[in-house]
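Going in written order, the chains are labelled A, B, C and D, and every chain counts its residues from 1.
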């Protein structure tokens, strides 16, 4: 089953690692011209020749039209999909694929797999995200996380993994909840819980606040009550969950930390991508 | 908000504790004649008089017709609901309420709350269930759970809580999964994982096997491979997930352990019921 | 290096397991007449013939004169050592070896190894002791250990292992200390601490109290303040650390639990003995 | 008991925090001229006036003669102790106090307390040291610590706390040991162990190596076998435990990390000092 042949388009450092990993596992993989990945770089025709899946960057586009590459020449998705179609390539991987691109792809009978829509990727990415959040908290604070009071807002993938890791390192962790089911799980995992609607009564007590909820949770009413020494770390997707202008005006230390996996643990991040790409290829190309 | 007035029908030991707890929190509560709960026992009319919710046993019936009470006199649900209706009582709590009873209740405009259908109850009950499973494993085995190899089948509520607790006490824990999302979570919580379809290759390696999946998982094909010293503990709902006749014939130690919360930790179990009953009453009677 | 040849004298169930384990590892081992261990039982002469270490019971004697065996014939230590000396056997293992026996042995140039004086054995035994204590606490109580308040008196071997295991299973653990060094370690291991001299102010708050200090700690002044629902488990060596007569008179649930390893986890206990015996033989017979 | 009156000489950032903490607890404290701590700075006479303990820097001297201060004027210890003696001050705190200074002090009947000789301080300092080591490992590596393979060399204060914290954050931790007692404890705390003499067989397997042993452990024979991707973090006291010149020549990533508490968690570090200073003052001035 080594018929998997991948073409990597674009390339931050994570993709360089990904390239090496895929190669090491015995699959064929080629890199495109303007990446710093390969010695033997390929133009688009070469990249697509006897390839069976294309791996686009993270994010895959910034203008909804062209592949997000650092340098010239630009590649239009229309052009790319046309070529893929000709070469009989039906699998397309990328990060944050906009609806527009997906629709375009479907016209060419190309299946799009957005990493971040794959639930296992999202769960596994919560690990380097949580660890990156802890690293950031350590760097920014003058106290230890051990035996500090930490508040985690949200109990989704990231909130679950982060709260468990913070507990493991010795923090006194409280997690916010909205419904009784989450409250029960938070308790069952040995963490303290606080109903989101009661936050304002306790928000001044924490040394660290980690937000994972993609909504304006820490608005000025709550921020007003936060201790000036508290480190606030925002892990929610853009635009985050904090009133940053108010935080700045009142000298609160609020840090917006998107894309931690690629930054703090590119190797681990690449491994997660690899696992997913290979799994999907194995089932789609079977 | 002390307008909550509860009538407890039936009464194993857990309900006796529940009765005391509710009273201690300042709510009104009465017990029925043939329970050993109260000094001041009530007949059905007295029980329902100025009460606003009825608490039936666990299970609430065994014949789908009468309230499950140990002694005479029997109370028919038709009769009970009729009386509740007259007294303007619209809340009915119980364990394992059959569809038939629910339909009957709805005719009298009575809302049924089955404890075990309340997700928070089910999650919280996973705690005494897990602890009871560990206690049983300790009692039955000649080795320590610490540093033993434990397999948990299933990663639902009970599998999650049990695997985490086993890890906490020092076992080397592997959890089975069916899908990649669960696999990712199992990994993120620091546990080993095994795909259910690969079980047969590894099933001989465990000192303890805990089943939480309500389906015939440990059939004779798998049981044949299990080590004779392994302790198998089945936490799945009736009829469990083990081929018991085969286990018996081959001298495997397979224990069916239903209803652990009420048996090993009646106080904790009662507390979970109380929390739910009060929460529902507060929102329904508001 | 299979020149290790052992003779087992006496035999509770743990020794039966020990016998099988030693055999399984490829060493020679023989059992004495009146044990239920072996098919091929030996009289004393046969046992000692071309043996190089003798393993006596736990405890090795009850009268300071004869080997502690359940049945006739009795074996006097004078006689045993005389015979060992003749056979050129210089290693003697046993549990709780009194000074008198040790002196006797030294006259015959026999080295005595008391299991319980071997620090590694004592540390490793703390594991089944802790687990047995937790099992006992689970059996005796109506609440879960998870999220209960547990007090551990003493931070020696057993206190360290037990407090860590209780925390792992989700208890809220407080450990008593006498000096600041222990206080610091208790904190560093994520546990709460209380100075032994302040116990009386807080002793009423715990659901479980585990004593590991071999001194009268829980005297009537402290017991008076203990909650009637508290389960007290005493792991200290005889005579334990609780005023039992006072506890009985006041209906406190105080359980004296000596020798847990052999009782709750004989296999684990035997493994610890085996490891020590083999290690010592390897270094002494080298 | 607010007769504690302290004079702080010298002042890195940690001492600035210490100053504020002591003040906040209600004790009297003064700062010396050339620190950036206080508004109301004091010359030496003012500092010592009605003070009952002097707090010298960390380290307290670099030349064994004068107080280690960043700026002029220099203060000789002869002079300082003479003045302290006149003012009837008998307590002197500082970090890394050389024997020479201690002898000098004793002539003036002044008791020296070196923070790092106080066992509780050393244990508590292991917490920010461990956390700083983890932070450094996170910053330097491209992988997560979670589920990485980590080796901790040494099982003293720092090894104990670090290995436990690494386990808590999800690493697969192995700890080296020299004697069976440590081996037993390492096992009892749920960690893997490796005898120091067997290191060379396994040293290539780790993603992270943390050294806490103050001796040349990682010599060129061992370093030769270490994986090029491994991050080595040295927490041992100067000169550390790694052959740095060999590591450099072979492009190994070996980081010498002394004094982590003051650097990564100055607030926590100051709190540890404060606790010790106050405790000692309370007992010495009683």
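The rule is short, and it goes like this: contacts are C-beta pairs under 8 Å (C-beta built on N, C-alpha and C of every residue); 3 or more make two chains touch, one makes a residue touch a chain.
Since we're looking at a predicted model, the values are computed, not measured.
Undergrad: Looking only at C-beta pairs in contact, point me to the busier pair out of A-D and C-D.
TA: A-D
Undergrad: If we define chain centres by averaging CA atoms, which chain lands farthest from subunit B? Would you check?
TA: For subunit B, the chain whose C-alpha mean is farthest off is D.
Undergrad: Per the centroid of Cα atoms for each chain, what is the distance between subunit B and subunit D, given in Å?
TA: It comes to 52 Å between the two C-alpha centres.
Undergrad: Between subunit A and subunit D, what is the gap in Å from one C-alpha centre to the other?
TA: Each chain's C-alpha centroid was found; their separation is 37 Å.
Undergrad: So the centre of each chain is just the mean of its C-alpha atoms; given that, what is the distance between subunit C and subunit D in Å?
TA: 38
Undergrad: Which subunit A residues reach two or more other chains?
TA: 127, 146-147, 170, 187 - these are the residues of subunit A that touch more than one other chain.
Undergrad: Under the stated contact criterion, what part of subunit D meets subunit A in this complex?
TA: Residues in contact with subunit A: 17, 127-128, 130-132, 134-135, 138-139, 141-147, 165, 167-170, 264-268.
Undergrad: Given the complex with subunit B, which residues does subunit A contribute to the contact?
TA: For subunit A paired with subunit B, touching residues are 119-120, 123-124, 126-127, 160-161, 164, 180-181, 183-185, 187-189, 279.
Undergrad: Quick one: in the complex, what on subunit D touches subunit B?
TA: Spelled out, the residues of subunit D in touch with subunit B are 146-147, 170, 187, 190.
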